[in-house]
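Letters A, B and C name the chains as they come in the text, with residue numbers starting at 1 for each one.
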Amino acid sequence: MNLLDPILLSLRVAGLATVITAVLGLFLAARLNATRSRPGRILAGGLESVILAPMVFPPTMTGYLLLLLLGPNGPVGSLWGASGGLLFSWLAAVIASVVVSLPLMYQSAKTALTSVDPHCIAAARTLGASERRIFWKITVPLAWPGIAGGMALAFARAIGEFGATLMVAGNIPGATQTIPLALYSAVESGNTHAANLLLGITVALSFAIVIVVRWSERRTAASRAHRLAGGGSR
Amino acid sequence: MIQATCTRQLPEYMLDVSLSVAPGETLVIQGESGAGKTSLLECIAGLAAPDCGTIIINQVTVWSSQDRINLSPQERAAGFVFQDTALFPHMSARENVSFAVTAGYRRRHETVPQKKAVAALAQQEFERLGIAHLAHARPRMLSGGERQRLALARALAAQPSVLLLDEPFSALDRKTREEMWRIVRELKTGTRLSLVLVTHDHEEAQVLADRILQIDRGLIHDDA
Amino acid sequence: MHSIAIFLGNSLKPILLATAIAGLVIWSGSGCSGKDPLIISAASSLGPVLEELKPAAEAACGSRIALNLAGSGALRTQIESGAPADVFIPAASPDMDLLEKAGLILRDTRRDCAANALVLVSATRTLADGTHDLATTLAVWSRIAVGDPVSAPVGRYTSNVLARLGLEQSLSNKVVTGNSVRQIVSYIETGSVDGGFVFATDAQRLIQAGKARHLRRFTPAESGGEVRYPAAVLARSHNPEAARKFVLFLSGTTAQAAFERAGFTKP
């Protein structure tokens, strides 16, 4: 069994999915939590439920829903033009990974953005800085450890994504067979050697991700401690 | 110059205040904690909204419940010094002040000067407040008094038309506080900047005020 | 001049980001160049033997082949939702029947390419020989791995056998249920059970790996039907000519020999 294919494919799919999720998650976390008007907040609450839904669904259910959406008869797949809609393509694998990792990124980003010291933001406003400038120069840098942690979680979820990917991208070696799908095939066909190798790689990746998440947690705690200590005189 | 009339429902009682500050005048608002002093300042700055009323800064109506006017804090150009300084922890002292300098230029729709010019302007503010040697320090490395000076420098660097200070020196020790009083009085000479300072310290009020306003339970008691 | 520099500086980050994303997209997509391969949606248990046959199959049908391996039910759902597969080979006839009824296959191409049998094996550590009758042999066992009839086809065949031999009652408190054949194989491999009911192909692998011993093979009459692997060309195939050749290839001598080597029986 060729092990290089699934590893490279997983890195590409998860990498692209994480970039998309990071941008989308940050954007949604910022916009949905900034509305003031009542109808705006209701709409934001509804959209948030949709974003977080895949966390509650079993992966096969997410996979089935995506199958309906991306298939040649579905609302998205029919626009794509190919005879099978978006199914069995690497793009479908990326979409599946984005859908399941977005809730994690969104939650992390939302928590990080809303725990930025509101006085800092208020101060920036009184100085005359525009909302966009405040977001990029003050809010995001201060929320960065939490945002980075969210990206690490999103990457972890994307790399481990199996059920939904299997449904919409298929398990096609060389084209859509990511590490989890390769592991599944190896186990199913009794190829314990390959299965063990893939397991080892997955464990190593998980360790790397946990290290990043722990780092971001420490940075967030440290900056919060500094803020609390820095309020009064010494 | 400020003219403000506001009413606002607070948790304990109703804030119902009317005040005016002449150009170059320092108004001190004194009262117990929770009497509504901070709320009043926030309403003037645009960080909070009164239920009802009118606020005019330098002849521009920034808030009117009747005419439905509500200018953002950015547009009001009301400098604010917070009790906890609210300095940007991820930036050095110089970057904090430079941020304010460029923000001020943008607010006034003037071309932002080059980096060097901005740095020079920041340096000016540092020297005015005696903290030039701290330019590269992060806020968390500074003492309480140094932080408040930096907060003041930053607020002034944006060239506001009025300056609001919310119990800025209450966390400092006696000696540092006296030092800060001296700095504030020095700042006032030669400017037409209206200052509104909130404090619960009688002596501070006496030293800094041109006029004192007593607020008790949301209502003005005294106008001395 | 200066304003251009500022504009570029401010835009640099978004431009870099966009370039990085574009690069990733192009890199990811570059794996799918050339003519579209024939996509064979096959049950996972056929994976190893189909991989082995791939070069010969590609030569026989004149097209590259891509194997899509998963559970028969998932594959069927994919096809019903319009997935672009060309050939379907499930591990049970009912899945094919459903597609046939829905008009999703080319009926004249359907043929069984292989069959399997139900086999009872004992784990290596178990003392057992094939000479005694089944009831006596199993009486001394404490745990037997059996498939869940609801979720695993192997379970259906097993419960048929047990019913026909009248062993259901006596074994009911020794039964350890697995929800797939894979799980039963794991139980036997690890010695967690004394033995279990698996397919002939799984039994062969276990025996070759020294993890089990063959005890008894059941006839189709005993197991309530044959375990068939039907293959058919899908109606939506984008290359039905090559797909037909592939299905015919599966019935040819090369393929049948490979199936037999893997432990399958003739259909």
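Note that contacts are C-beta pairs under 8 Å (C-beta built on N, C-alpha and C of every residue); 3 or more make two chains touch, one makes a residue touch a chain.
None of these values were measured; they are calculated from a predicted model.
Peer 1: Can you tell me which chain lies farthest from subunit A, using the average of the Cα atoms as each chain's centre?
Peer 2: Centre of mass proxy via C-alpha means gives B as farthest from subunit A.
Peer 1: If you average the Cα atoms of each chain, whose average lands nearest the overall Cα average?
Peer 2: Closest to the centre of all protein C-alpha atoms: chain A.
Peer 1: Report, in whole Å, the distance between the mean C-alpha point of subunit B and the mean C-alpha point of subunit C.
Peer 2: 73
Peer 1: Could you give the separation in Å between the centres of subunit A and subunit B, each centre being the mean of its C-alpha atoms?
Peer 2: The separation of the two C-alpha centroids amounts to 42 Å.
Peer 1: Using Cα averages as centroids, what's the distance between subunit A and subunit C in whole Å?
Peer 2: Going by mean C-alpha positions, subunit A sits 32 Å from subunit C.
Peer 1: Could you list, by residue number, the parts of subunit A that touch subunit C in their complex?
Peer 2: The contact residues of subunit A facing subunit C are 9, 12-13, 15-16, 19-20, 23, 60, 64, 67-68, 71-74, 77, 82-85, 87-91, 94, 166-167, 170-175, 184-185, 187-191.
Peer 1: Quick check: in the complex, which residue numbers of subunit A touch subunit B?
Peer 2: 117, 119-120, 122-130, 133, 137-138, 141-142, 223, 226-227, 229-234
Peer 1: Which part of subunit C faces subunit A closely enough to touch in the complex?
Peer 2: Of all residues in subunit C, those touching subunit A are 17, 20-21, 24-25, 27-29, 31-32, 39, 41, 44-45, 47-48, 66-70, 74, 77-78, 81-85, 182, 185, 202, 205, 209, 236, 238.
Peer 1: Can you tell me which positions in subunit B touch subunit A when the two form their complex?
Peer 2: Spelled out, the residues of subunit B in touch with subunit A are 45-47, 72-74, 76-80, 82, 84-90, 99-100, 103-104, 106-107, 139-140, 143-145, 147, 154-155, 158, 160, 171-173, 176.
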